[in-house]
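Next up is a structure, given as structure tokens.
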Amino acid sequence: MKKDTAIILLHAQDHDGIVPAVTEFVLNNQGKIKKLDQHVIEDEKRIFMRIEWLLTNFAIPQEKIGEFFNTLIAERFQMKWSLHIRNKKTRVALFVSKYAHCFHDILSRYESKEWDIDIPIIISNHEKFRYVAERYDIPYHCFPITKENKKSQEAQELALLKEYQIDLVVMARYMQILTNHFIDQYPNQIINIHHSSLPAFAGADPYGSAFRRGVKFMGATAHYATEDLDEGPIIVQDVIPISHRDSIADMKRKGKDIEKQVLAQAVWAHLNYNVLTYKNKTVVFQ
Amino acid sequence: MKKDTAIILLHAQDHDGIVPAVTEFVLNNQGKIKKLDQHVIEDEKRIFMRIEWLLTNFAIPQEKIGEFFNTLIAERFQMKWSLHIRNKKTRVALFVSKYAHCFHDILSRYESKEWDIDIPIIISNHEKFRYVAERYDIPYHCFPITKENKKSQEAQELALLKEYQIDLVVMARYMQILTNHFIDQYPNQIINIHHSSLPAFAGADPYGSAFRRGVKFMGATAHYATEDLDEGPIIVQDVIPISHRDSIADMKRKGKDIEKQVLAQAVWAHLNYNVLTYKNKTVVFQ
Amino acid sequence: MKKDTAIILLHAQDHDGIVPAVTEFVLNNQGKIKKLDQHVIEDEKRIFMRIEWLLTNFAIPQEKIGEFFNTLIAERFQMKWSLHIRNKKTRVALFVSKYAHCFHDILSRYESKEWDIDIPIIISNHEKFRYVAERYDIPYHCFPITKENKKSQEAQELALLKEYQIDLVVMARYMQILTNHFIDQYPNQIINIHHSSLPAFAGADPYGSAFRRGVKFMGATAHYATEDLDEGPIIVQDVIPISHRDSIADMKRKGKDIEKQVLAQAVWAHLNYNVLTYKNKTVVFQ
Amino acid sequence: MKKDTAIILLHAQDHDGIVPAVTEFVLNNQGKIKKLDQHVIEDEKRIFMRIEWLLTNFAIPQEKIGEFFNTLIAERFQMKWSLHIRNKKTRVALFVSKYAHCFHDILSRYESKEWDIDIPIIISNHEKFRYVAERYDIPYHCFPITKENKKSQEAQELALLKEYQIDLVVMARYMQILTNHFIDQYPNQIINIHHSSLPAFAGADPYGSAFRRGVKFMGATAHYATEDLDEGPIIVQDVIPISHRDSIADMKRKGKDIEKQVLAQAVWAHLNYNVLTYKNKTVVFQ
């Protein structure tokens, strides 16, 4: 059986005392360190750190860890930090429209237990995949979106996310732009996949644009959704070579594979509390 | 000893008769085909073709091949085409400023005969590398560029290119923008290297911009210089993964290696008459 | 609606007359060429060719094309060749054991019609995935294999393949070695995925071996099954970087993604009649 | 001006106390940490660590650091460790035979100061590149090798390495196998480049073997030379895709580029004290 662990992600102005202070906070309270990573970005003079430790025998009760860490360590070094307790499955809401590839890929990782998550709800703006949701016994809610009803439909979606206690929204090629109001409820908890290697070919029809420009590589980008479309912190990117022999249809076909890989890698990193955001960028611990 | 060959690069509206017509033009005149490539871009309904054949025993004299091909074949199918005779070394002018990596890389390929070219002249806007040119016994001409003297300096450069019968200009991180007047003299004969994966991060300081945007890949792009900066037909691109651990200095260091590789691959493709341009894109035959 | 096409794959000793002869065989009989590829492997002095043409209005009846091509063209140039008519879905038998990733990936490409195939039968040596097969309404046959029963179980499997008129067997991490007798019934029609970049780490436990050797890249290889295990003609390979930070568990997790990609690419190439085998190698047309 | 730093590379059985103990050894003695990396390989239950700190104001004199570290820290945790002082240029001996690409590449990185090294000597078994050495004013020693004279020639080479106080031997496609006696003098200080993605295609003629096997990727491997040929700890590998279109000559040409990149990356990692060896594998810190 897996044991509960705590994870702290933090960043602060670079200071030599941070590594020993944080490690000793854990060790002096009978925590057993599972993983420790830190890195200084010299161009920013800032240290980024991730520490994970076993909670068995940890002297501070779970619900007090944050308070103690803040008082004893974080305030001293003026850290930005977050605490995560790994003791339950992450609850993921899947958003999908009419493209199947990312949707199926995530469901198969869920079903085969490659990912230890719950998917308590699937939300779509189309009925198309209701039968797939039924196959997995996952409630499927369809909210067709128009200019007029977007606000009210999103309100219902948000109510469902609250009801189902969703931790993470994965937009598996969900072809609607979320409003700022929606996004603000889930900061750094909504992962989107864009079918180009951002910042190249942001916006609509990236494959057509790439074809017309005659580039020799195409890619996909998974990022946290922010108020600026296609501008959120990039979590994972990948690319594949293309040539004059690739038609737009070839690019779309090959793109599907890279989209699903990149989205899956980003979700995996998020599920393992490996992603820290800073200045609209990410630090992705390995 | 290598034997003379002729190469025809062509494109035309797709027509089934083109492949047999072109191959028979060669075969019926006792040409021996060395390499034949063709490809239809379906989204354009256009055929692109490259044929190379040995001139030994070819019935049409070299200086008449173009005329005969035009009359017998090209006009019939309304082709855009070019003829190249491979019987002498390509004469390359190297343009360089203050970055050494592409410059040294090209010179070492030249010296080791990896590339069978002549480099009769090196042009720079700085004196920095005169000692290197002297080492290889290559005339080095320095034309410092200011806003005021650019036109007259370019005129002198162009005169030298004519004098030395230059076939190809390679801008090995030459940090000056050429005027349209200059570029127009050498259409699809000036290869530039840009230190990003275009269209991402065109213009100045691509590594800094990539760092600030937090991308997970960086790249380099070799393209023909055109009147629109960083907008010319892309010949070769390549990319490498980066992470939050890479400083701008790391990116510059890693970038050097990818820049020199990409530029070398593009020059190699050009030297072998493998590059055909169409609609500001390239078809790069293998 | 897609129209019927014919595809000929051939190889022969290099001869200039082959390209015009084959193209004119098609054109003179009112075939419209859809795609034409040929390539000379100079180290072998051998030409490899693939031609696909529309059968609408083709003067030779489908069932006579092979005979006519043989008499008029193939015998003259002593070609090795095969003819394929693309007018129906390829019938694929999926073989699976206990690993889900390739299995789910292929089923989702089938269900989303990314691949235009039929999967009339799934064969396994375990009961594990019967529920998945039922979900897709595909008959699932389970043949547990022991040393003693292997021959008789394979005989039953072969009988099913005949009964269901299978064109292609895909071993989606099927963890049994097929006998030579089985393989001989389906030459170049059984695609296997091996979880290493062959010829490195053939045989059992490639991830463990790669970990112990300390390599910096791992990969996957899709190949046609032959009598020599892991020695068949390679269709597709791909690799990903790894580092000292990757545990064997990480390698297995990352390996799943590359295995399913590589297997899918190989099946796609085969389904499109793009793969020609020669001397235990493949030519994969694009 | 760059300031002197000390680097300790260590590994030990995993123990939570190691990170705070090592960091406090530095901090309590007024060292300023420049970079800290550690990683536990769980499959080995072993921690690997690299710490670099500024020596300005460090309380322990340089020549005593090792002794103090050993007594206070290393013995307590039964560490394997090495100490490096970064205060002078690494002295590199270049070994070369008749291939120019790695040789020129390293010299250009040296000349352009991309690498801050000294190359006090070049050793070859051929006269071919003496003129290049003269151009850089580097002594060039030629020791033709036969079966009979190998031992005595190596003795002279070793004497030169001692005389010139060589820290690192780089075999830039040096086509001779060194004896165990030679290698034993420079453990983990001789970097070799092999022109395949080891363990695939060890030994002679890897490109020919790769061509005959029909692989779809080829690569290069930089490793420390050990008594078993092509079996030493791998530092860097890289690969590139190939296809049936690539002749052996194409593979050799493309291979040159990947060989020089991989060798350069390995040397760079070594020069920066980023490479730790363990069980015939490397940990390469970034």
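Order of writing sets the labels: A, B, C and D. Residues in every chain begin at 1.
In this section, a residue touches a chain if its C-beta (ideal position, glycine included) is under 8 Å from a C-beta of that chain, and two chains touch if they have at least 3 such contacts.
Please read all numbers here as calculations on a predicted model, not as lab measurements.
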Contacts common to chain A and chain D (chain labels): B, C
Copy pair chain A, chain B: interface residue numbering same or different (half cut): same
Most remote chain, CA-based centroid, reference being chain C: D
Superposing rotation of chain B relative to chain C, computed on C-alpha atoms, to nearest 5°: 180
Centroid spacing, where centroids are CA-atom means, of chain C and chain D in whole angstrom: 42
Length of the line joining the C-alpha centres of chain A and chain C, rounded to whole Å: 36
Chain B, residues touching no fewer than two other chains: 245
Contacting residues of chain C [partner chain B, same complex]: 16-17, 19-20, 23-24, 26-27, 32-33, 35-36, 38, 40, 241
Chain B residues touching chain A - in the complex, by the definition given at the top: 39, 41-43, 48, 197-201, 211-217, 219, 233-234, 236-239, 243-245, 247-248, 279-284
Touching residues (chain side chain A, partner chain C) in the complex: 100-101, 104-105, 108, 111-112, 114, 135, 245, 253, 256-257, 261, 264, 286
